[in-house]
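This report refers to the structure that appears directly beneath it.
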Amino acid sequence: MVKQYSLEEGVLLKVEDLVVKFYTYAGVVHAVSGVSFYVKEGETIALVGETGCGKTVTTRAITRLIESPGRIESGVALFRRRDGSIVDLLRVDEDVLRKIRGDEIAYVFQDPTSALDPLYTIGFHIYETMKAHRPAITKKVAFKKAIELLRQVLIPSPETRVKNYPHEMSGGMRQRSVIAISLSNLPRLLIADEPTTNLDVTIQAQILDLLKRLQVENKIGMILITHNLGIVAENADRVYIMYAGKIVEEGVTEQIFYNPQHPYTKLLLRAVPDPTKRVEKLEAIPGTIPSLIDPPPGCKFHPRCPFATEKCTREEPPFFNVEPQHRAACWLLERR
Amino acid sequence: MEMLYKALKRAIWLYASFRERLSPGWITKNSSRIKEWELMAYAYSKSPIGVVGGAIVFIMFILAVIGPFIAWEPYWEYKIVTLGEEYRYRAPCLPPGCSGEPILGTDEWGRDLLAMSLYGIRISFVISIVVVLLGAPLGIILGLLAGYKGGVVDEVIMRVTDVFLAFPGLVLAIAFASVLPQRIRGFLESNSIARAFFAALFGLRETEYGQIAALLSIWFAMVLVWWPGYTRVVRGSVLSVREMPFIEAAKLAGLSTWRILIKHILPNVISPVIVMMTFDIATATLFAAALSFLGLGPQEPVPELGFLISKAGQFFPERSAHVVLYLGALLLIMALGWNLLGDALRDILDPRTRRAIEYRLEKEKKR
Amino acid sequence: MSSDVLLEVKGLKKYFRVRGSLFKKVRAVDGVDLYIRRGETLGVVGESGCGKTTLGRLVLRLIDPTSGRIFFENMDITKLKGRKLREYWRHAQMVFQDPHTSLNPKMTIASILLEPIRQHKLEVGDEEEFLTKQMELVGLGREHLYRYPHELSGGQKQRVAILRAIITRPKFVVLDEPTSSLDVSVQAQILELLKDLQRKLSLTYMFISHDIAVVKYMSTRMAVMYLGKIVEVGLSDDLFEKPYHPYTRFLLSAVPIPDPKVARSRQRLVIQGEPPSPINPPPGCRFHTRCPFVMDVCKKMEPPLVEVEGGRQVACWLFAKR
């Protein structure tokens, strides 16, 4: 019996109540504890958080890229395919999933060097990606498309570059090549995990602008994972703030930056220097990121929260609506 | 295993309280170190091959130390002379079928094999350990210098190392065996302290100083062959450690090159070396036996294991099968013990497996 | 040189030999003039290959300059060696980027901290008392003293690294990307700590980082480097509001601003081309191959670093005539 799923108009991906745990020597790591979000066609959402908040695990889990000792315990990941059909990525057959990966959903990772096989040229990488999903394609056609893609990602002299090996290119060019490879099958969804963290700031700006342009042109949905609030402000339409495996606040970018409600969001914004301001004082967030093994009861942020109440130590807060499209999980919002 | 861990823990704490008595406050200052030791003890007790290997080595060690003292037959008496020809290569006499005769039979000269092997264990043990204990530091120091200094120093040391590595140890041993023994013999003849010392070390009589000279020349040859391996390994590790910022920080603190090598670089490269040394002792045991087998080592009446096997080869397998089998198995077990120990050590000293073991220990403590 | 200048560098160059080639050289630092006043923080920014990390190490004499001079408190330290060099290191120290590799994993925190003390044979009385008091300065407690580095968090390790650098009460500290390996929430803690220590102990900092927002926050003055040369120096706020050098303008416009309205209203200047190789830099002004304002003179002659207004220096032919 084929289950019928439904998605709202324009929504490309909808994840609900995703739970991922890692069964390690040290104990059970609650990496992701009930995360829900959605991405519309042509929009960019940002998953923001620090190390260990679960943002990377979440995006890997969507296409079941989690390996033992990790386990996707529960959740739903509805995806609207090119042909209009809607599937649950967490339950669909393995061979269907493989068709989707690399073709309809593409990844761009942080380190371009490890995403590229040093033994093959860039052109071959693109050819390989295309052939995996379009077996009929010939090398000639694929290489022509490769040159075109490299041109799109602003790599100069693409005709020669297509024959380059990864080590013959600079870091910025490699990352652009990786983007070209991920775009070779014109995906519906692009997941970029800290795509510019290791790059120079001028290259970073170029690449992010490039991604934005391509995304708008081709109506690709993008999930941008980052801990850099500047990048979020400049590139994201909507933002999800993650902490200790949960989403603590979500909203449209302006709402998050100008009307943050969750204490963590507020502190995070005040811990990041804004160069356009003349005088500022950074506020440090006391304490450290909690261990995800046997987490304590109550709100995960309460040990570091300057506004923590007694209730915060006992019960986990649900989401409270702040304004349309903006909500946060904090007991302080209850009275409103 | 549980008992072993408890016993090791008690030993650690005994040592700790002893140090505490010497300088109060020692325990707080070294609490992390003590934790590390406990962790290693736990990891060791949990490793079956480690425990077996360690047991073998321990037993061999005890036998090596007390062997020559408890051997009930002196090796310098040729029994066939006193007891007759039928004692040559007498077959093993195992109860309950047989009694009153040497349990494992006799060797070519009618000596009780079991008693002879006690002497043999001492000799093999001493040679293998001392070769590694002499060769390793030499190789380590050169490796440290080569890796840290780089440039010309590195090139020179590595090329010399290459030459020694390329040299077939056997040829070197043969060359030494033809030249050295006379020289050393002359030295031992004149120097009575050295004579007494080496005789005691090997569990032999002083009158055998000629054979001791042969043993020492094998020693020499082996040390010369053994150190290059360490230089290579250490140099490789040093190359990666010296790039670490904490080395730069040590420079900024004003430490001299030597101090940096000993205090900062050495402790961080020593783990694989310790493992290598353990395996090497196994190899050295067999190599020394092999050299004796070829006749390059001590001759009659010294009951060196390899030498005894070689002599038995003539009458193999009709009359001397028991000699070859027993002594061969003994060598095997000695080498195996060190190998197993080395394997376990490698796992214990690896920081990655360390963390997994750490958590298991915490869990058990909680129970 | 006035008495309030702590460190000065003139014509500093450092060339590295290229492996496998006798003549090719990487011009990491290629003629730098710089000064740092007592008590201030000079920020040094630039992208990969600009030479800022090499500059930091040159100034501390961790590596020897190819040519040029370095002055510390009016003393020429360019060719210092042996005991005198070690004496210099009592007064000038460094904090490294990665706290996980800048502490010897086999030593306890106490031994790490005692090392510089013992090396310089400083009298501190009871060692444990002394260390405990010092640890308070960086927000750590006595219980951390006898632990190994791997038992501490990243932020705590960096605090130890900072303490190690200041334990001999130096006058000058080079901070090489001190927060780049840390999480955002921890970063703010460390930056505040550094500012606090600067006040308490009258320290002078050279803050090197690729994160321009952080550098601007920490520094009074900022220097922008490109391909081994300084292209602009000035007060941080002024420089950010009104950058003169074309490269500075590109660089600053690329910095992401954590403010959506400001970010969207900004005009991003897009820099052309790829950065040239530091082995074979272009003749004349290094930046001319990518500069939209390039003139003929730029291709032939290197512009000198000149003062264009109070405290601002620029190396560009657009401003040199003044």
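We call the chains A, B and C, going by the order they appear; numbering starts again at 1 in every chain.
Assume a residue touches a chain if its C-beta (ideal position, glycine included) is under 8 Å from a C-beta of that chain, and two chains touch if they have at least 3 such contacts.
Just so it is clear, the model here is predicted, and its values are computed rather than measured.
Engineer: Select the chain whose centre, defined as the mean of its C-alpha atoms, is least distant from the mean of all protein C-alpha atoms.
Structural biologist: Centroid comparison flags C as closest.
Engineer: Greatest Cα-centroid separation from subunit A: which chain?
Structural biologist: Of all chains, B has its centre farthest from that of subunit A.
Engineer: Taking each chain's centre as its mean C-alpha position, how far apart are subunit A and subunit C in Å?
Structural biologist: Measuring from centre to centre gives 33 Å for this pair.
Engineer: From the mean C-alpha coordinate of subunit A to that of subunit B, what's the distance rounded to whole Å?
Structural biologist: Distance between chain centres, rounded to whole Å: 56 Å.
Engineer: I'd like the Å distance between the centres of subunit B and subunit C, where a centre is the mean of that chain's Cα atoms.
Structural biologist: Computed from C-alpha means, the inter-chain centre distance equals 52 Å.
Engineer: Within the complex, which stretch of subunit C touches subunit A?
Structural biologist: Residue list for subunit C touching subunit A: 47-48, 153, 155, 183-189, 191-192, 210, 212-214, 216-217, 237, 240, 250-264, 268, 270-271, 273-275.
Engineer: Would you tell me which residues of subunit A are touching subunit C in their complex?
Structural biologist: Answer in residue numbers: 50-51, 156, 170-173, 200-206, 208-209, 227-234, 253-254, 257-258, 267-269, 271-276, 278, 280, 282-286, 288-289.
Engineer: Taking the complex as given, what residues does subunit C use to touch subunit B?
Structural biologist: 60, 62, 86, 89-90, 93-94, 96-98, 101-106, 108, 110, 115-116, 119-120, 128, 146-148, 151, 161, 164
Engineer: For the complex, which residues does subunit B have touching subunit C?
Structural biologist: Listed in rising order, the residues are 25, 28-33, 36, 244-246, 248-255, 264, 267-268.
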